[in-house]
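Chain naming follows the written order as A, B, C, D, E and F, and within any one chain the residues start at number 1.
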Amino acid sequence: MIIDSHAHVVMPPHSFRFMAELVGNRANPSVAPKIPDEAVRKVADELLSTMDSVGTDVQFISPRPYLQMHSVKPARVTELWTRHCNDLIARIVALHPDRFRGVAGLPQCLHESPSVRVVAELKRCVEELGFVGCLINPDPTEGSELPPPGLGDPFWHPLYEAMTALDVPGLIHSAGSCSARESYTLKFINEESIAVVSLLGSDTFEKYPNLKIVVAHGGGAIPYQMGRFRSWSVRKGDKVTFDEQLKKLHFDTCNYSKDSIELLLKVAGVRNVVFGTEKPGTGSARDPVSGRDYDDMKPVIESIEWLSAQDRADIFECNCRRLYSRAFKRD
Amino acid sequence: MIIDSHAHVVMPPHSFRFMAELVGNRANPSVAPKIPDEAVRKVADELLSTMDSVGTDVQFISPRPYLQMHSVKPARVTELWTRHCNDLIARIVALHPDRFRGVAGLPQCLHESPSVRVVAELKRCVEELGFVGCLINPDPTEGSELPPPGLGDPFWHPLYEAMTALDVPGLIHSAGSCSARESYTLKFINEESIAVVSLLGSDTFEKYPNLKIVVAHGGGAIPYQMGRFRSWSVRKGDKVTFDEQLKKLHFDTCNYSKDSIELLLKVAGVRNVVFGTEKPGTGSARDPVSGRDYDDMKPVIESIEWLSAQDRADIFECNCRRLYSRAFKRD
Amino acid sequence: MIIDSHAHVVMPPHSFRFMAELVGNRANPSVAPKIPDEAVRKVADELLSTMDSVGTDVQFISPRPYLQMHSVKPARVTELWTRHCNDLIARIVALHPDRFRGVAGLPQCLHESPSVRVVAELKRCVEELGFVGCLINPDPTEGSELPPPGLGDPFWHPLYEAMTALDVPGLIHSAGSCSARESYTLKFINEESIAVVSLLGSDTFEKYPNLKIVVAHGGGAIPYQMGRFRSWSVRKGDKVTFDEQLKKLHFDTCNYSKDSIELLLKVAGVRNVVFGTEKPGTGSARDPVSGRDYDDMKPVIESIEWLSAQDRADIFECNCRRLYSRAFKRD
Amino acid sequence: MIIDSHAHVVMPPHSFRFMAELVGNRANPSVAPKIPDEAVRKVADELLSTMDSVGTDVQFISPRPYLQMHSVKPARVTELWTRHCNDLIARIVALHPDRFRGVAGLPQCLHESPSVRVVAELKRCVEELGFVGCLINPDPTEGSELPPPGLGDPFWHPLYEAMTALDVPGLIHSAGSCSARESYTLKFINEESIAVVSLLGSDTFEKYPNLKIVVAHGGGAIPYQMGRFRSWSVRKGDKVTFDEQLKKLHFDTCNYSKDSIELLLKVAGVRNVVFGTEKPGTGSARDPVSGRDYDDMKPVIESIEWLSAQDRADIFECNCRRLYSRAFKRD
Amino acid sequence: MIIDSHAHVVMPPHSFRFMAELVGNRANPSVAPKIPDEAVRKVADELLSTMDSVGTDVQFISPRPYLQMHSVKPARVTELWTRHCNDLIARIVALHPDRFRGVAGLPQCLHESPSVRVVAELKRCVEELGFVGCLINPDPTEGSELPPPGLGDPFWHPLYEAMTALDVPGLIHSAGSCSARESYTLKFINEESIAVVSLLGSDTFEKYPNLKIVVAHGGGAIPYQMGRFRSWSVRKGDKVTFDEQLKKLHFDTCNYSKDSIELLLKVAGVRNVVFGTEKPGTGSARDPVSGRDYDDMKPVIESIEWLSAQDRADIFECNCRRLYSRAFKRD
Amino acid sequence: MIIDSHAHVVMPPHSFRFMAELVGNRANPSVAPKIPDEAVRKVADELLSTMDSVGTDVQFISPRPYLQMHSVKPARVTELWTRHCNDLIARIVALHPDRFRGVAGLPQCLHESPSVRVVAELKRCVEELGFVGCLINPDPTEGSELPPPGLGDPFWHPLYEAMTALDVPGLIHSAGSCSARESYTLKFINEESIAVVSLLGSDTFEKYPNLKIVVAHGGGAIPYQMGRFRSWSVRKGDKVTFDEQLKKLHFDTCNYSKDSIELLLKVAGVRNVVFGTEKPGTGSARDPVSGRDYDDMKPVIESIEWLSAQDRADIFECNCRRLYSRAFKRD
């Protein structure tokens, strides 16, 4: 079974029109759009056809990160928009419960504590809509202001509290970028590196031993820069090596290069890596070398010769099942 | 001939998707969307059908104001978006040159002088696309910061310079509103009042005697609050009465109440009022009293008994022809 | 009986000197000025003579709004100044208890919650000085910063709590304006429009059903722009028409144009309009047409032919008596 | 002859009312007040009577510093107010040309370069109104923001350029204080210390060898803290001792303590000290010890036994005549 | 016995390297430096040799103020640095308990309330390290932002609470200065003047009658400007003269001029002045006049003829013993 | 010959004391420290001994990046400090001209254009001190504010102008970090990724075809995340593949992991990689696996079996000689 744990919803035109409304009127008197069943069915079909084309059995879908508008003021804009996206996901999942699972977007905004708005929406998504995980954006300012404290800071504890109570993993995934020098796709990578270092340098996992964190896109720069952090750790006198510390985290394979995937698997260990492609997304372009899309990652994993059959099963399915405990309860 | 001088474009889904792109990636590497001819034709037909339903012969169409995103940073977002909207308008006009005229949106942003970006786009629209006027947003911060100087300030002279050189009128019309206490539709009204007082309290019309300004929505609060400004003017010792000063400006009829239209016509004078409805827009809802849409304004004007036939012709057609000199050159 | 519910105090030179002191030393060691009885008597006489000249029997006097200095930092400046003004009003009322009533200025400042300073002064004025109402400035920043939340926001609940407990109405009336593009007299108008829309778009009157609000100057732009809000309301699907919603508010006649007063009476209804002139004030200039001052409003009301005798009595006296329950207790 | 080189104007009530106007409407449409001759005569008489009571022959009068409103925004407020104060001074001087000289207030504002507004008003005052000097406020933000560069910085060169071209001295004298912890009267002192250190630590006097600076109130803290600056100077390896450097500056005697005046005279030298009392002002209170007002300084100087007759003449008259070259041209 | 109550620690090179670390990595993972005993002994010897050269028996040593980095963000930088400095002082005192006493630096930062970080470090220093007093910096922003409330404000009460509970005096002494116009050595002086006026103008000593405050450097400008404050006090109607009020405070002799010291002793009274030299420090330069260092203050005090033997003993020893109750407990 | 192109100077205690001075007095009167020859010799010896221990023949030394204090205000602090560091480097190089080359630190500060201060110091270092390259910090705010434009922006052209005129390469290397969530060592990595994407997405190399850029630490995250950028590039329709574009840049081997170095060499190509170790630095800790320090990189390169002898020579020597044209002129 092939589970793609990292994919984002495709939206019907009605959603874009609603988004325009929200940006235009800044969530000042506004009505949620009614998306007809047909339109939902159409985007669901689009997603299914993409999945079928690359052999994915189940996809975990979340809001498209760079459209989350976490930094558009006032906060009610992202609040209404997030709810809209999550509701759309729920309808898609309801149409094909055997092919999709919902992963919640959170209405994060700038420097606001996650204790109110974010926790409420997470609960709603998990308890009412049956979602199995959530996205965490380490910088809801989207680069428009200085960022809030790192993910290792108590600032984030209300969210971790809720995540562990509900037993849902969080996928570290930043959103848009207001910075002219740092496109959103690059910000994804940098935020992931910051997230890893902030979390491992803190007492977060002592406080929340059951907290489940997946770092998207193969962990930003960290696996590639391991030497630097290994040495830093030795110099600090850490009792546990940096390689060991890294085992607290999970990573996904959403990194479109075989060499890099191999590096990731060596550094993080096979049991800590879950299959994820973000397809359709940035990687949906034809690689002139392979002749396949960059985000068609299944053959890439399969071509890594030193992986055993069990290793592949772990990556494609078992690690994900273990991590997302709510995703396959019915099975 | 019925000329509706104040209407906004309807956009195809492709535009909304492009808008979402721009907001998401903040104009950081981006490609302009290719809108198929068919989609353009579809929105043009939609507009025509609305016009036909209320007897409008010609409509002046501009970007939809509350979607102009003048305050979304960085400025390149609104620059690309404005260009997109103006290009769309040009294609619609090209399809039905006898039914539409283009009125340009301007890529205004926050406190930036209009001398570069704004003037360049205005020139492009008039000289290359054949547009006949432009929108002016007195507060491109959209309430997210303190506003730039009032329209009577030299800050705006580069724009007036270009407008008079090209001989195109400007329609005072604010854009979105980031303020939770002031919806965009109310901000329209307040900005118009501010614009009138700022312009009349300055030497703008001495410097630019040929400047043509139309204040949308019946002039905000000014006609209703004339007593206050008349007295203020007397106290200041103005040599020209406030009623006389008001004659430097034009107003449109986009105010959905017969009593108010009558007040406007009395105060501003028939020759200074042009027909405009913003249809389809805020007023596109059925008035339970009249049984017609609020923005179906033609019967309203026609029902004002004290207007002569010439008065009506002036309002519906002649004032507009005189004002928008480029609009009917071919005739 | 003619009750002018909207008038502002005239101040003796001692007050201006004290104001200069406060601005100069920013309320840093300072002593309240002792105004001699004679000086108080002189300004009282001045007010009386104005009232007599236009046939006003009773005037409700409050601090002169544009001199309230709500945005001058630190907040203690406006605190001391407001107290001074209210004390002066109390002394004038005490001299002529049958001709005056006190309406309290509030020491509002920038984004400070009204829960402390403002509520305390309101209580002092009503309970100790016998005042019958208060002024509410929706934007104590006076345009020097972005405004606080709209009047419909819970931010203002502590004030409404105190107002309803004391049963005193609040007159919506902004103060000065730091903006070069928006004179204070125009800001009055815009703030009133914002106040109306913010209040009606909120649950304020459900939470405070006995809250009494008077919107000054004929309600800003709202009566003139009713069509826009009627349509907006229909589009939102409001169960109650906008015209009906407007009935929750009262308005005063402080709008120096007969046409506008008629429009106001039609839209708001005779029972919701109270007589008010702001005399002496902005309208105190000779109208060359009528030969009377613009703010000599009694003849204007009397000249509206379609008003019945009872209508006039309502406007001049009865509505005000009903609204300001504390004003005529002794009668 | 006793010349009091440091005194401030007394203002009629009309001025305070105008000030209130300016603060209220923030210099947004406004008319200059017409002060009747009688009122000017009255304040002139008040000043003369004070002078006569302590034996002053000639007084140099400038605007009252703490009322200069240098930090009230927008800058046009202080511009209009400064002009008003200077005009008032000119009228007083014109009434009694043998008893008064005018010292100009400057329309300084926050971080604005003195190159435009300030220089223009200085020229107007000297060339048109016959003034003989000016006040310099080192911190026009009045503590409401971080201060502009120190007086030794090129920021101030346009002012020094104009002062030396016109040959008028500048009296270092700060204005109001917005800081709750630093009253304006204390800020005077601190700003003087900062001015001395900034000027002496710069190349100002090399660039403007004819620049004339008087430091008010006995030079702030500097004479008392000489040891600290002497040592600092030695450590820096200065070629000229700090005591020598100090000779570039003048000081006035506006320090109400005999011990301190003696310290000042020893440190600064008799030739660098001019008589000044700021009377009427902060020192106008009865000293229970001497039985005279604190600011009745003539007897204090006279009681310093080690001063020669020439020394006293220098302090009371000759130093001032030499410094203020325009003050006694006619003699 | 000669007790120098005002001196600052000399630091070994290891400390400077640690400081560089902290500034470079902003207290982001960091380890406290291990300073070898030998290095501590070396700086202790250096201090002793200075003391012996001028006849000081006991020195009270605190962190060097201008190196406290109170405004370097984040606050953890100054927190770690302050702890480091205090620990160093403790080791020096431990080496020579009969020659040194520790005075604590406090980890003040910008506008942070002293209730947490500051109070904790003060307690640690007094209770665990045996310190006898502390430094108080009235402006931890070091001029990089607008300052926190004055020392008379309740903002500081948590610190006073802890100081009185522990019975330790506070030496008013500012730190660095980020302002180009105000060097740190001048800011010392100005902050002391502000501290005196803020404290005496408040109810601090009524709330904390046992609070012990020493104002460094002879009290800034206050003794020299007494006349101004005497008169101000009379005008305010104070019941207690300003001279009397001043008796609530103590001052030290760290002012390198005999005339000034005499002025201080006259104004503050012999019993309120303690010996202090800040040696080695700013005053450690050879005075060409006396041939001694400016900060060799013992001969200066001894040369004041009008002081009695008891006066000298008070200044050199007894006042200090009385004030610093914890300093000589063992005796 | 082994050339280590990336190393930082070791500083004597005098430098740290001078740094403390500069931070304390914020470059407000200050004197450059005189470092005795002996101290310089000592740090040179320390560096030589490190080099010898790992077989390095020549080291390129620059200021230690995280101590550059680019964000400490005012800018003069970093200006004086940078000059001090560069002067120190020049003296070390002068002692051992065959073992060292100087690489200049630049006095970058916050958002200041490099056109003045930075270019002047670069010229001084190259023309007067004989330096062969420079460091470029893409974010001189060090995370304390929003960053300046990306390296592809015209903001940086004055620097590129000077670099190409002098023919010196720039090593992309950020400085400190004020962010609690992003340690300076991690910021190095993220800034390098941002630099690569900003430069390649701009027209910089068209404008400056001879510009030489070396990206430190193996290029941040880019080689590891190549798939993402390859696909992005295809989607944008780039004519040149992302792999080709990358060839405009050079990278160094300062990445302490053999797998990563191999990945780098494959992606960037052997000819675009220069040897660099940053030794002594973050990597100077014993790797328990290899038994050598992490930054002892020579054996690592030598152990990559698929590299030819010429490849190794290129990496160790030839690429560097070609790039740094001024470094071996004498040979």
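As a working rule, a residue touches a chain if its C-beta (ideal position, glycine included) is under 8 Å from a C-beta of that chain, and two chains touch if they have at least 3 such contacts.
Please read all numbers here as calculations on a predicted model, not as lab measurements.
S.K.: Subunit F and subunit A are one sequence twice: same or different residues at the contact, by the over-half rule?
M.R.: Subunit A and subunit F contact each other through largely matching residue numbers.
S.K.: Taking D-E as the reference interface, identify its repeat among A-F, A-B or C-D, namely the pair sharing over half of the contact pairs by residue number.
M.R.: A-F
S.K.: Please name the chain that ends up farthest from subunit A once chain centres are defined by their CA atoms averaged.
M.R.: Following the centroid criterion, the farthest chain would be D.
S.K.: Report the inter-centroid distance (CA atoms only) between subunit C and subunit E in whole Å.
M.R.: 54
S.K.: Would you kindly tell me how far, in whole Å, the mean C-alpha position of subunit F lies from that of subunit E?
M.R.: Chain centroid spacing, subunit E to subunit F, equals 43 Å.
S.K.: Can you give the whole-Å distance between the Cα centres of subunit C and subunit F?
M.R.: Going by mean C-alpha positions, subunit C sits 67 Å from subunit F.
S.K.: Among all residues of subunit C, which ones touch two or more of the remaining chains?
M.R.: 29, 144, 179-180, 183, 201, 232
S.K.: Which of the residues in subunit F come into contact with subunit A in the complex?
M.R.: Checking each residue of subunit F against subunit A gives 138, 143-147, 149-153, 179-183, 185-186, 189-190, 193-194, 197-198, 201, 217-218, 220-221, 223-228, 230-232, 234-235, 255-257, 259-260, 263, 266, 282-288, 294-295.
S.K.: Under the definition above, what is the set of subunit E residues touching subunit F in their complex?
M.R.: For subunit E paired with subunit F, touching residues are 13, 16-17, 19-20, 23-26, 28-29, 64, 66-67, 69, 72-74, 76, 144, 176-180, 183-184.
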